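Notes follow once the structure below has been shown.
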Amino acid sequence: MTISETITADQAQVLLVAGQAHAAAMGVHVIVAVLDAGAHLKAFARMDGAVLGSIDVAIGKARTAALFGTSSAAVWDYCQPGAPAPNLQASNGGLMPFPGGVPLIDADGVLIGAIGVSGGAPSQDLAIAEAALATLNG
Amino acid sequence: MTISETITADQAQVLLVAGQAHAAAMGVHVIVAVLDAGAHLKAFARMDGAVLGSIDVAIGKARTAALFGTSSAAVWDYCQPGAPAPNLQASNGGLMPFPGGVPLIDADGVLIGAIGVSGGAPSQDLAIAEAALATLNG
Amino acid sequence: MTISETITADQAQVLLVAGQAHAAAMGVHVIVAVLDAGAHLKAFARMDGAVLGSIDVAIGKARTAALFGTSSAAVWDYCQPGAPAPNLQASNGGLMPFPGGVPLIDADGVLIGAIGVSGGAPSQDLAIAEAALATLNG
Amino acid sequence: MTISETITADQAQVLLVAGQAHAAAMGVHVIVAVLDAGAHLKAFARMDGAVLGSIDVAIGKARTAALFGTSSAAVWDYCQPGAPAPNLQASNGGLMPFPGGVPLIDADGVLIGAIGVSGGAPSQDLAIAEAALATLNG
């Protein structure tokens, strides 16, 4: 029996290394989580100095991005006050609809997983996730 | 012992087929969930191309409609800012109070279950649920 | 963006129809659940007359088979009294390690999901799952 | 504010690399999880080909070892039939009291975390965890 992988261990490792390097260059201590397209954990690294509360947040941002195939922040567009899907954030055991989760889409446009970063300000977390993604695609 | 059914498997199947056909005609990939009057899953179909996050949302919209005997969107009238039931959406493990869940009411006016649709825009999801319901009643 | 499907909606529908037909021929009222390789619900049908408690059991058997890539009953070989993995059944939110869950493996040997059946005796549930699988592969 | 680390990211990385290398040499596909002394996830890697069900099991074995400061298998000595702590395995959200989880104890005898491995036979998982630990201490 063969397990069908959407994201490989090698790809996940590139994301972890690049994300942590970018965070270190920014002087922030973060957690980087990589999930496959089924939202299952593939790889994870917690930098020294990161707060414990960010473990669940990093995984949650990645889960949000993987489950909806969009950035975690974009999910908030659907459920923020006045938007058409109030309380969507309570679905799926609780979404993390703010910056730092980015879907991983391959060259053929296929969703292969997601990366989630937490530990800095949300804008920093997003910059780190995008830098990791750029390294993977570069 | 006999199990008392509120909605039959045949009725649920009509709803799934009609809902998916309507979604296909609209070009959206959705999940259709049918619950009985006790809010227990009766039938479910996930179209190819639907995002995983919508599984829980489709079931949640149907749960919301079955539990309160009204459309999922109408529940928001009770709990939106300024309305008389703040945080009602946190009850029952988390409601999904936005368009796409519709109660199923038979010719005698009896609540027999609910249908929930997710995967498109909320307005599309509602149109699909209503089209399925019209087929069942037509 | 494209969602990568491990099992298609058409394949899941074949399983549901075949499983229910076999159950009807045996005179039992069952629930049939089909999950993808990531253990996410793809299709589900509850026959009239099935007990409500079997909803979670059918899904749980399929989850057990999808998560470990083996039959739900085979998981018990690892955790039964005297076996090398006591309490494995408490992992993953609670496994259902008894007959009725079967992994779906395609012609290339790739795990594409699982089917779970509950409502009859475990041996009947397994026979129904295997009959459905034979129809899919036949 | 400074976060007190029991195990460092560098140490965790050594464990992941050594554990995966040993597993590859044995021809098994495993998951390696490293927790700190507070039983919080520090680092995690899922090799290609590992079954999804082993994600929770690997973390569970490491949790069991970290929470009790002993090997996951040794916990079974307390709760197996006839032992003095029946149902201990149901504590802490469900322990995984079988081989593959090993506590990490530094040169001063201080518990600094735990490693958990799952994906092979329990005896293989334990051999991989011990090989990783030997590399860290070597």
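When the chains are written out, they are named A, B, C and D in that same order, and each has its own residue count from 1.
Note that in this section contacts are C-beta pairs under 8 Å (C-beta built on N, C-alpha and C of every residue); 3 or more make two chains touch, one makes a residue touch a chain.
Because the structure is predicted, anything quoted here is derived from the model rather than measured.
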item	value
Graph distance between subunit B and subunit D, where chains that touch are linked	2
Superposing rotation of subunit C relative to subunit D, computed on C-alpha atoms, to nearest 5°	90
Centre-of-Cα separation between subunit B and subunit A, whole angstrom	30
Whole-Å gap between the CA centroids of subunit B and subunit C	25
Length of the line joining the C-alpha centres of subunit A and subunit C, rounded to whole Å	31
Per-residue overlap in subunit A, given as positions that touch at least 2 other chains	2-3, 38-40, 69
Of all residues in subunit C, those that touch subunit A in their complex	1-4, 6, 36-40, 69, 103, 105, 108-112
Residue ranges of subunit A in contact with subunit D within the complex	2-3, 5, 8-9, 12-13, 29, 38, 40-52, 55
Touching residues on subunit A, where the partner in the complex is subunit B	38-39, 64, 66-69, 81, 84-88, 90-93, 95
Residues of subunit D defined as touching subunit C within the complex	51-54, 56-57, 60, 76, 80-81, 89-90, 94-99, 121-123
